[in-house]
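We call the chains A, B, C and D, going by the order they appear; numbering starts again at 1 in every chain.
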Amino acid sequence: MLIAGPCSITDKTQAFKIARFVKKQGATCFRGGLYKGQNHPIVNGKPEYLGIGNDGLIILQKIQEEVGLPCVCDAQTIEQASNILISDIEYLMIGARNMDNLALLRSVRKLYDNFKCSRKIILKRGPSATIDEWIGAAEHLGGPDRVILCERGTVHFDRTPKTRWRLDFVGVAQVKTYYPNYKVLIDPSHGSGDRNLVYNLSKAGLSIADGLMVEVHYDPDSSPTDANQTIDFNEFKKVVTLYKETTNGRKYQNKH
Amino acid sequence: MLIAGPCSITDKTQAFKIARFVKKQGATCFRGGLYKGQNHPIVNGKPEYLGIGNDGLIILQKIQEEVGLPCVCDAQTIEQASNILISDIEYLMIGARNMDNLALLRSVRKLYDNFKCSRKIILKRGPSATIDEWIGAAEHLGGPDRVILCERGTVHFDRTPKTRWRLDFVGVAQVKTYYPNYKVLIDPSHGSGDRNLVYNLSKAGLSIADGLMVEVHYDPDSSPTDANQTIDFNEFKKVVTLYKETTNGRKYQNKH
Amino acid sequence: MLIAGPCSITDKTQAFKIARFVKKQGATCFRGGLYKGQNHPIVNGKPEYLGIGNDGLIILQKIQEEVGLPCVCDAQTIEQASNILISDIEYLMIGARNMDNLALLRSVRKLYDNFKCSRKIILKRGPSATIDEWIGAAEHLGGPDRVILCERGTVHFDRTPKTRWRLDFVGVAQVKTYYPNYKVLIDPSHGSGDRNLVYNLSKAGLSIADGLMVEVHYDPDSSPTDANQTIDFNEFKKVVTLYKETTNGRKYQNKH
Amino acid sequence: MLIAGPCSITDKTQAFKIARFVKKQGATCFRGGLYKGQNHPIVNGKPEYLGIGNDGLIILQKIQEEVGLPCVCDAQTIEQASNILISDIEYLMIGARNMDNLALLRSVRKLYDNFKCSRKIILKRGPSATIDEWIGAAEHLGGPDRVILCERGTVHFDRTPKTRWRLDFVGVAQVKTYYPNYKVLIDPSHGSGDRNLVYNLSKAGLSIADGLMVEVHYDPDSSPTDANQTIDFNEFKKVVTLYKETTNGRKYQNKH
């Protein structure tokens, strides 16, 4: 899997422009966040950025239909999860900050069980979760038949102005070795906080993980969220080249 | 404040026995969890322990009325928070795993604003939250007029079989110095995982924080949750002696 | 023990001025570093600050004789350790960066054994050492009859521009509980990096540890090293007041 | 570079057997430790294992001459460093525990400067060192013309019985991006503590780093040190296959 797209969907034009580009290059899924929030309710004197919300659901639907890319969208509440499911968006994502939110995990599981839904859920690792805790959260959602894991960095003592979290490749290797039924992706955007590192981390990630999730924007600096870690179109082309050299990428090319 | 009680309320007899004891010794609040969960849905072949749930609300109500101790109870969902508020339980607590759950923080804030509720909310620090992120979460709930902070340990490289988290006293000192409008408690039970360390950490905690939250049980080993970190009645007496030597404790004694 | 003094001794006047002041207030030992160094060999275009070196040995000798305060000085090599021992400086200190330097620990042990030296060695905890590794290092030096431990902060994910390390009070409590033969000090200066936090951390430290080591200067901002974490004379007076309220401090006052 | 060999050299037969095997497979250097030590001076009632010491220097010399593999050996003291240099062993290594040992770094630099020695020094990253501190240590030794960096894992909150340290691939990417003059190796043995993870981490490592250092033994369980993280001959063959698929490996094959 090569999942690409902006951190936040800001409007239909932005979303389609990015979706069409990443599709053309060879991405297999489109990501775009609808429900956002910031550490403080007031940031630089303005209310926190909350995202486009439910208005974005139809944008993602149309990207699936018109661009032909299955979409990934994360939910922080069961209402948002229901909306995503009802809107036929292919992949629900549970973000890192909610990996420990057992109430959400349990109600999402019930939702999927009740609808006999066979779609996959992408579960990010919490920034302070051990591998055992991460697997436990995946079991709360229904286990390896339903869950795709995504490593997005854990807390670490070495911080730079950009780097809040660091990808844990040992953790990925532990999943591949000790929990081989799970697929695991790597998110080099959150996992470094620094767009200059995304290419190299994608390279290392693709060599052992089952895919990548990467934040891409035609004008990264204009992103309302995660600007520092979002790569531009040129850099994304290089990441796609890496992807196409991997087994997954080769299979994907053969099919398309 | 000296908040004491079991990790989980298992039945009325257990709760009253502990509440009466800690009240008699000098505790100022009673704690007891109703809504629980474990890392894995199945633990040692059995479904995870989920807590007594809503049935415990009336137990806490009666402890407030009959024992005369205000109670603390944590919520993981807005429904649980509403139940706690409607049941007139004095303190709502947001646990460490939900400090990052912005959706919950925002809906609890609305709940309290709508009811013009002047009660306090205890907000635990997330195990990977910086002080800035913790303060941000407190602002999401309404700031220092509504929120009492509680440090309960963060992740650390030095782990023993018992110790999963370590109390961060530098963080407490930062709150006292840079955010002096906030009250901050220390939870030496979660913050060490080890009942043998609770006394010494209570001593250090009482010297700089505004109070303690500590897990107490007449038979700690029988606790369904947090057994290792729960102290018995004798050990609690020693913690109370410490508390009574502090300024807060002296004020409390004068009033009683 | 209340050990106080500058991070680095820069000249005789500076050292005596601080030693006389801290002695008068009630400190029981004087600290002052002779052998320094920085992370990079060139810092802001200038060679790293290396400290006054062996020339400071006689200053410390004279402070012991004329001011009447036993001195603490750290060594990074066996030659420096020998010089400190031969100069009759009371306490040799092994700094955090050398706790893992087994070759140094072994040769210092031989030196002390060969001289049948009964003086104490202060061993700081390495910034990434577990309690077990710290105790192991103390055993390499000769165990609790020879070694006084000093907690000075470990690495942590929550960093501010000042705070590189955070005091680990759980670690101190573990030493007091599981290794009761060891004395353990707290260094709130290195353990917070922030002079505004030293008073509160001293308070918490004195409540459970056997003493304090604190960096003091009449003009902290002029210190060539550790300026941010060095307190001034007024702040030190407040720390002494705390110390005198503790058991150790009361014993000290009775003797003087 | 593909550096392979046992953690500790125990005797000539062991060293030659491993050296001949790894040479035949395609390793470009042989590693073998002579100077060892353990966290505690007494381990399970016996004195700590100290390694073969200076007696091993001639073994390494002969491996260079007779097997034709340049050797790597780490020093903890300047005397050991001199012995290694005088014995014509190609690579001196400074281990993780000594990255912060500025006195050692400075005296090694002088040694190399005085001898106008153009050999390379391998500098491991300390387990709590930031990238900036690691680069600073490299500058103390003489900078990128003399130093090859080796990432071997840093402390992390997620520990298993085997895993004490975790490889930091973000750190490696930072070196490649921000300090491109440095070569950087990855050590998946120390960086995971678990031989079952070495293959996958080697794969990720080879994709972005300049080489690997890996612990290999014909009977890993018999190693006096690092047994858990040492791979056997079969597993090493798989690592070599990875290596030969990389650019470095292809260059190496063309030359041989």
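Assume contacts are C-beta pairs under 8 Å (C-beta built on N, C-alpha and C of every residue); 3 or more make two chains touch, one makes a residue touch a chain.
In this text, all values refer to a predicted model and were calculated from it rather than measured experimentally.
For the copy pair subunit C and subunit D, the superposing rotation over Cα atoms measures out at 180 degrees to the nearest 5.
At the subunit B-subunit C interface, residue numbers used by both copies make up over half of all numbers present, so the two copies contact each other through mostly the same positions.
Our note on geometry: subunit A versus subunit B, Cα centroid distance of 34 Å, whole angstroms.
In terms of their C-alpha centroids, the spacing between subunit B and subunit C amounts to 36 Å. Subunit B and subunit D have centres, each the mean of its CA atoms, that are 48 Å apart. Under the contact definition stated at the top, the residues of subunit C that touch 2 or more other chains are 128, 154-157. Looking at the complex, you find that subunit B touches subunit C at residues 128-131, 153-158, 160, 163, 166-174, 176-178, 191-192, 194, 196-197, 200-201, 203-208. By the touch criterion given at the top, residues 155-157, 159 of subunit D touch subunit B in their complex.
On the side of subunit A, the complex with subunit B involves touching residues 37-42, 76-77, 97-98, 100-103, 106, 126-128, 132-133, 135-137, 139-140, 154-155.
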